[in-house]
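Before I ask anything, here is the structure I am working with.
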Amino acid sequence: MDSDLLLNIDDYARAARARTAKDTFDYFEGGALDEITLRENTDGWSRLKLYYRVLASVGTRDMRTTVLGQQVSMPIVVAPTAFHKLACEAGEIATAHAAKAAGTLFILSSLSNTAMESVFAQAGSPRWFQLYIYKDRGITLELVRRAEAAGAEAIVLTVDAPGLGTRERDSRNSFRLPDGLTVENLAPLGKGNMPDVEGSGLAAYVKANLKSDLGFDDLDWLCRSTRLPVVVKGVCRGDDARKAAEHGAKAVVVSNHGGRQLDTAPATSEVLAHVVDAAGDRCEIHVDGGIRRGSDVLKAIALGARAVLVGRPVLWGLCVDGEQGVMNVLEILRRELDEAMLLCGCTRLEDIGKWVLDPK
Amino acid sequence: MDSDLLLNIDDYARAARARTAKDTFDYFEGGALDEITLRENTDGWSRLKLYYRVLASVGTRDMRTTVLGQQVSMPIVVAPTAFHKLACEAGEIATAHAAKAAGTLFILSSLSNTAMESVFAQAGSPRWFQLYIYKDRGITLELVRRAEAAGAEAIVLTVDAPGLGTRERDSRNSFRLPDGLTVENLAPLGKGNMPDVEGSGLAAYVKANLKSDLGFDDLDWLCRSTRLPVVVKGVCRGDDARKAAEHGAKAVVVSNHGGRQLDTAPATSEVLAHVVDAAGDRCEIHVDGGIRRGSDVLKAIALGARAVLVGRPVLWGLCVDGEQGVMNVLEILRRELDEAMLLCGCTRLEDIGKWVLDPK
Amino acid sequence: MDSDLLLNIDDYARAARARTAKDTFDYFEGGALDEITLRENTDGWSRLKLYYRVLASVGTRDMRTTVLGQQVSMPIVVAPTAFHKLACEAGEIATAHAAKAAGTLFILSSLSNTAMESVFAQAGSPRWFQLYIYKDRGITLELVRRAEAAGAEAIVLTVDAPGLGTRERDSRNSFRLPDGLTVENLAPLGKGNMPDVEGSGLAAYVKANLKSDLGFDDLDWLCRSTRLPVVVKGVCRGDDARKAAEHGAKAVVVSNHGGRQLDTAPATSEVLAHVVDAAGDRCEIHVDGGIRRGSDVLKAIALGARAVLVGRPVLWGLCVDGEQGVMNVLEILRRELDEAMLLCGCTRLEDIGKWVLDPK
Amino acid sequence: MDSDLLLNIDDYARAARARTAKDTFDYFEGGALDEITLRENTDGWSRLKLYYRVLASVGTRDMRTTVLGQQVSMPIVVAPTAFHKLACEAGEIATAHAAKAAGTLFILSSLSNTAMESVFAQAGSPRWFQLYIYKDRGITLELVRRAEAAGAEAIVLTVDAPGLGTRERDSRNSFRLPDGLTVENLAPLGKGNMPDVEGSGLAAYVKANLKSDLGFDDLDWLCRSTRLPVVVKGVCRGDDARKAAEHGAKAVVVSNHGGRQLDTAPATSEVLAHVVDAAGDRCEIHVDGGIRRGSDVLKAIALGARAVLVGRPVLWGLCVDGEQGVMNVLEILRRELDEAMLLCGCTRLEDIGKWVLDPK
């Protein structure tokens, strides 16, 4: 038996753990407090059962779709995650290359170790920019302007982090960026470095710089301030999703920040149906959190998601083999989704419906 | 304590594991991906509770029944499983002999290591032939013709495998048939050998040869093409079962291929009642997956199944002691069903009803 | 810490295991097949929650009640269990003495190692005799006549054992009575010894001698044949309980034979409410199976049981310290029930009602 | 990684275990019998899911509230627990200082190792006195008079301990106060020492001295006997809560004595909603049991509690670092509640509602 084969996302997670410094791995893998939501996210998808159909004359699967009108080769896109140079030297450039090669959306975190201008120059389309709202609106606006100029095609506003959820692993590890790495996008704005405090440097950074009293007025302001479509990420409730759409969001991402913010938040698989019911007719609904198998993607689509974002799996790929590792991870998920569609009797994404979760 | 006693199916599984090459045992035992459905199949039966009745004047149990009009001594029949020569030298001949001795149905897999003509010549009645639809209809038709000529009494069309579900154990083991063994039925048709690829040779074989866009029109074609009754195996939904019957199937097997195809498909014990409700008045309903105790059989019958198919238990018997091992396994299940009927207050299979799952 | 203190029933089980031959302990402790019902019985009681009441002016607890009109000091009585001389030399005499000392009912198993005449002569009142119906009605009637003559005050007809449930521990241990011990009540009738077979000698004995087609006509016959009240033990369904009462039973025991007969039968705690609903107005309802704490007794009474029977706890007591051990076990349960009543706000058994299982 | 960091309550529990004599730690940590309720209390809070809201313009959190009209800085107050000198030399004085520093309510157990006069003299406001009703009403009244004189601002009547629930750890440890420590409040009344018996000395003390037939008439008497508001602690049912309010209680504490009295009592998180429904319009509802995270507090408030009491966490703090340890523990919970409010979108306690437990 070849136990070194990297067949699935968990294999990549194990391989990443073996090759990565503990504090980095913990930062990537960990969740808030007791990590209940972290586990629930993955368990939630596994618990859903697929009542597949047969004899459905399934042709070659076509999993192309659009996100905010832009073509992607599959409904699996790269979630914004911070600090890719912790995973490999090429950092966000490697990730962007891999997303481009996979023909899918790349969302760049504002907390990248590479300036957005460098990244977007080498990224394919679509490419979106994830934004935190800084206490200083000037800084925030500057980031938006630069993103527009650099070719970003949407702004993804993270709304579930008015403060940073306590991640005890990071506190114990006194997690911070090593010498030589910065929050590169913010460096020209004087916010490139984490404070040298006890405990998590990132937590201190967020507390010092990000606007904690984020409101719908901030969303209004952002929508007015950019010509780009705005995506609201981090929604956990149907009513919030509807309000976000009413305030101008073109898409909503059902997300609990990968279980890294509020512990005991519900699995996104549990929240998704409520959000689709409440706002699915007003904007696109995306989802992330705990997606580890292609069948998880199929379930998300059955519940009404347009696409799923994957974060940690991309990071594991990056840790294991840089750009190639990310490509491998994306292809694993694509292949598994393809197989799940075939075995469920679905040729196109539109064939996937609620029926697949219901035996009757 | 005599820990070598082989009292039950799990004892046979343990003994088989001890005597069988790892890659073979893994091939027989394993399921798709995370093996969630594999475990659910067995757990599903265990979870059902038997509200037995007492003082029911139970006579000598009579568990005879018919499958498609043919007499069997008990509602426990031999599921089609591939490659019996991996388990013992006599291969499918041994299994057929054992089924004959037990007075029950033997279903021969098209992926046998022994040609159907040799097997059926030594099998009792009833004997059915399991069929995959090849991309080449000529090959498919040739198989059907040979099965008819060899004495098969029904064709069991497997519909849950338009492609092979990924079985990671087989990928890691690079599972393939050892030198000297072939897919014997297909050898004269030039499809007797698995390609020599990395990963699972069986997966490559299926991808290269089987029709992946299987549809109800294929079922129609098959029903038109043979004088034998057609059984549709691999159904997970009530609506599919009803459609299969409408398209000519005389029986449907509720099955998820022993958890080897689509992982997170529901336990067959959960699906069965839905299928019986939807199609029980139009065709026979059989079930397989996770049957390990005679009480599981009784539960399946209470839910409306006519018979249960057992696959892995037969393979364990074959691994442990060839023909005699299969006979032992079938007798264990018969004896356990007999005991469960006695203790539930049922003399005949018709006495078993939904009441036994309901305390009121 | 004094880890040798025997504070509760589990302490006695552990101590008994340490002091008793493995095959004897297995015989006493084991259940049928996978022992799912064995575990469910105990888990079922634990799962029920007690919504206690406060400020209820609880006086000294009075847990006296009657069983079939006969006074007992508490609603905890000694279940019929076989072969007490396997546990201690004094055997059933010791158990009877302990029950007498505790002021509670003693039910003697027909499969005792001591003749009923000897036992009942030293037992207090009430004392009942457990009966299996033998194939030979003459033997059965002889047992009833002797029980009447020896002072038995009721006949407890076991109805859940038309055959013996397979107990794999006993099969592996080739369980049988050691030389010198017999089924003493049956010895004069030529049925005192177990056959010397492979596997469980008890199973062979039951198969050879007990009537397997037990019916309500047998109950009718028994009721006609004795002046003693008849108790039907082993009921799992409401309809059966009602029928038993209609056929003359004065009490019904909700029981699955301690998980030793039909595996995957439901916990008796789940069955009890259904039986009380169906037959509670026609006869007394008792229950056994998995009672290990005084709070379990309180829950049973809340669900409508008149008394609970305890089997294995008595055997553990007997193994550990003979008559004194049984007394200790009964006093532990009495003390725990007393405490549970106090903490639930109940002075008398009549104060215990369904309200205690319901928060509103 | 700094594994010595004390980040959360569980860290304090582990540290306390390492520094404290086993019998003391067991006394503080243990619960009744099988400790099912002990575990359920903590699990119950964890199981509740928080459907947080976003973009809620959360300002600096204001978690001030009142308990019986008295200002506290947060809805987390110090539960009455016995024998603080077992944890550290300064005993209850340390705890009172810490509560004062935290600006929150301190409830002194009548079973303290320090006389209430000494403690209350150094405690801030609010300060309440926990009372058991002694068999001797004179003693009880004397305690109330002294509490009034010493500055207590409410009397907390414990109603779930008409007898002491059996705590088997204490029985095995023969738990009693070491030489030099007494039940100081009772010493002048001749009830300062535990009897020197086998098993738990505390159990013997309670049995000898406390009124076991506690009734609503005792509550009436207490309300008549003191000018202080009376709080009824230990309620598990809606009807009892309503009756307590009707009999004069100004507040009710949903509590099962930390799982130390009636084992298999339900988690307080399950009981709370019923009590709020039944009595929330008549008196304040508080809750304790299993609160280990700030998010647990938020959930309690969402279910209608006015404040939560924390017992064991305070004791862990006391064991680890005396007064400073208690302050640390209270600040951890305050910080976690602050974070949970921020992440749930709540600036004030009034913003927390049932909506946060419901996705729609």
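All chains are identified by letter, namely A, B, C and D, in their written order; residue positions are counted from 1 within each chain.
Going forward, a residue touches a chain if its C-beta (ideal position, glycine included) is under 8 Å from a C-beta of that chain, and two chains touch if they have at least 3 such contacts.
As the structure is a prediction and not an experimental result, all values here were calculated from the model.
Chemist: I need the common contact partners of chain C and chain D, sorted by label.
Modeler: Correct list: empty, since no chain touches both.
Chemist: Are the interface residues of chain A and chain B largely the same numbers on each copy, more than half shared, or largely different?
Modeler: Shared-number fraction below one half, so different.
Chemist: Going by the average position of its CA atoms, which chain sits the greatest distance from chain A?
Modeler: The most distant chain relative to chain A turns out to be C.
Chemist: From the C-alpha centre of chain B to that of chain C, how far is it in Å?
Modeler: One centre to the other, that is 42 Å.
Chemist: What's the distance between the Cα centroids of chain B and chain D, rounded to whole Å?
Modeler: 60
Chemist: At least two partner chains per residue is the criterion; list those residues in chain B.
Modeler: As it turns out, chain B has no residue touching two or more other chains.
Chemist: How are the chains arranged in terms of who touches whom: line, ring, star, complete or other?
Modeler: ring
Chemist: Note which residues of chain A are touching chain B in the complex, please.
Modeler: Those residues of chain A that touch chain B are 1-3, 5, 7-8, 46, 48-59, 293, 295, 336, 339-340, 342-344, 359-360.
Chemist: Flag every residue of chain A that touches chain D in the complex, lowest number first.
Modeler: By the definition above, chain A touches chain D via 22-23, 33-34, 36, 159-160, 162-163, 165-166, 168, 171-174, 212-219, 232, 234-240, 243-244, 261-266, 270-271, 274, 278.
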